[in-house]
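Let me begin by presenting the structure, written as structure tokens, before commenting on it.
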């Protein structure tokens, strides 16, 4: 089931063109990912600064359909697909409160062993989270 | 009366030392300022991208008492002092949910005419907001 | 001919995982784009804050092959393709000083009329820049 | 002797008001600090992500005299004062190429033992760097 994250566009998100700076849209998507993990009781401090494993992003893409301005209220719908034992992707839809699509994005994540820098199976808490937020 | 803003520390706020990057603490304070204006029905898009006047920050200072980590829940208490007809300051206290002080900051703001680049009286909606959030 | 931009990874680029935050890689690519425009004598202040036209990014994608750490020296090779009269794409390769590929990215840009919000032909100075940095 | 760092204002540094976002001025000062350490042969990756000690910023202040726009070339003059065995401050002057002052900032840094979270003497490589960049 998709997870929905509410966000207000901040002055810092914008650039001199008066709208959200393109790369910040991906950062806003990542916030939705963090909040989704948090709601699933995953400790973010340990998750993102672990000595054993890491789940870096290996690919990201984003389409921009409408500009976002400071003060705008937006929703991010996040849903996941587990691709194999070590890999998953997240799909994001950014919407206005009236449900018009502003932007779409995808991030792909691979679990690695930080000592050997080789692929490693996703930890069980992530498998659990992937089931909860599955796009199916 | 002080305004309180709730915030979660995001991965993007942190740096390779594992804690919030120092300058981002001021950005988090600015978010509290924006939300406080928003609650006072000030249109942020018009406010920050006006053709007539601007209210730039002319001074900022911040003290760091404790580190903040990804996922931490924090509160920001914001209160204001009008210094004269063209100038005000904002005081910020960043607190843990248990009310321990993490950081303190101040920003000073001056209203200017964008055409002449000279000082100008603060607009009435800002005077109204300053009364609401006055530290006294 | 591709344009090459030299960059050092800064502390602010990193996150609590100790490496460059994923979305900041696209921001670093955008810096290369800005410097390439600047070398082509395009005034960046006017270019990015024009009242007549804008050339927003409509798509971005990025692949991450190796992590980047604070202090790392990198090169960004930028080359362009004009897609039609209103649209172009930029390809970026991020390399170590030893020419190992760290990351690859693409951004797509469309010229719009800011008054009508419809597509518009690219300005001649951009056509000139596209010829200079063409990937062919 | 002061250290001078050259920087171009990037689109990402700006906000919807069309000028550099206030907190980013401190980030630009920190870049000058990093480059100054780097020139003094201090390994930034080890320095900022050490297991034994850290030198966090405990105070920062900044005054804004003139706005900065995308594409502007600036200079940052950095000089240091060692305050005691565990503490130093850095003074920054941001200047136009014509040597007009745009902004002034100060950061204060304390060395701590990461295991005990108590103050610790500054490492010798930092003492060496402080002598080189001393404001006297």
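Letters are used for the chains, namely A, B, C and D, taken in the order the chains are written, and counting of residues starts over at 1 for each.
Operating definition for what follows: a residue touches a chain if its C-beta (ideal position, glycine included) is under 8 Å from a C-beta of that chain, and two chains touch if they have at least 3 such contacts.
Predicted, not measured: the structure shown is a model, and the values here were computed from it.
In terms of the stated touch criterion, the partners common to subunit B and subunit C are A, D, listed by label.
With centres taken as mean Cα positions, subunit C sits 23 Å from subunit A. Chain centres here are Cα means. That of subunit C falls 27 Å from that of subunit D. Averaged C-alpha coordinates give centres for subunit A and subunit D that are 32 Å from one another. Within subunit D, contacts with two or more other chains are made by residues 11-12, 14-19, 21, 23, 27, 30, 45, 48-49, 69-70. Because contacts link each chain to all the remaining chains, their graph is best described as complete. Across the complex, subunit B meets subunit A through its residues 8, 10-12, 14, 18, 27, 30-31, 34-35, 38, 43-45, 48-49, 69-72.
The touching residues of subunit A, when paired with subunit D in their complex, are 11-12, 14-16, 18-19, 21, 23, 69-70.
Looking at the complex, you find that subunit D touches subunit B at residues 15-19, 21-24, 26-27, 30, 45, 48-49, 54, 56-64, 67, 107.
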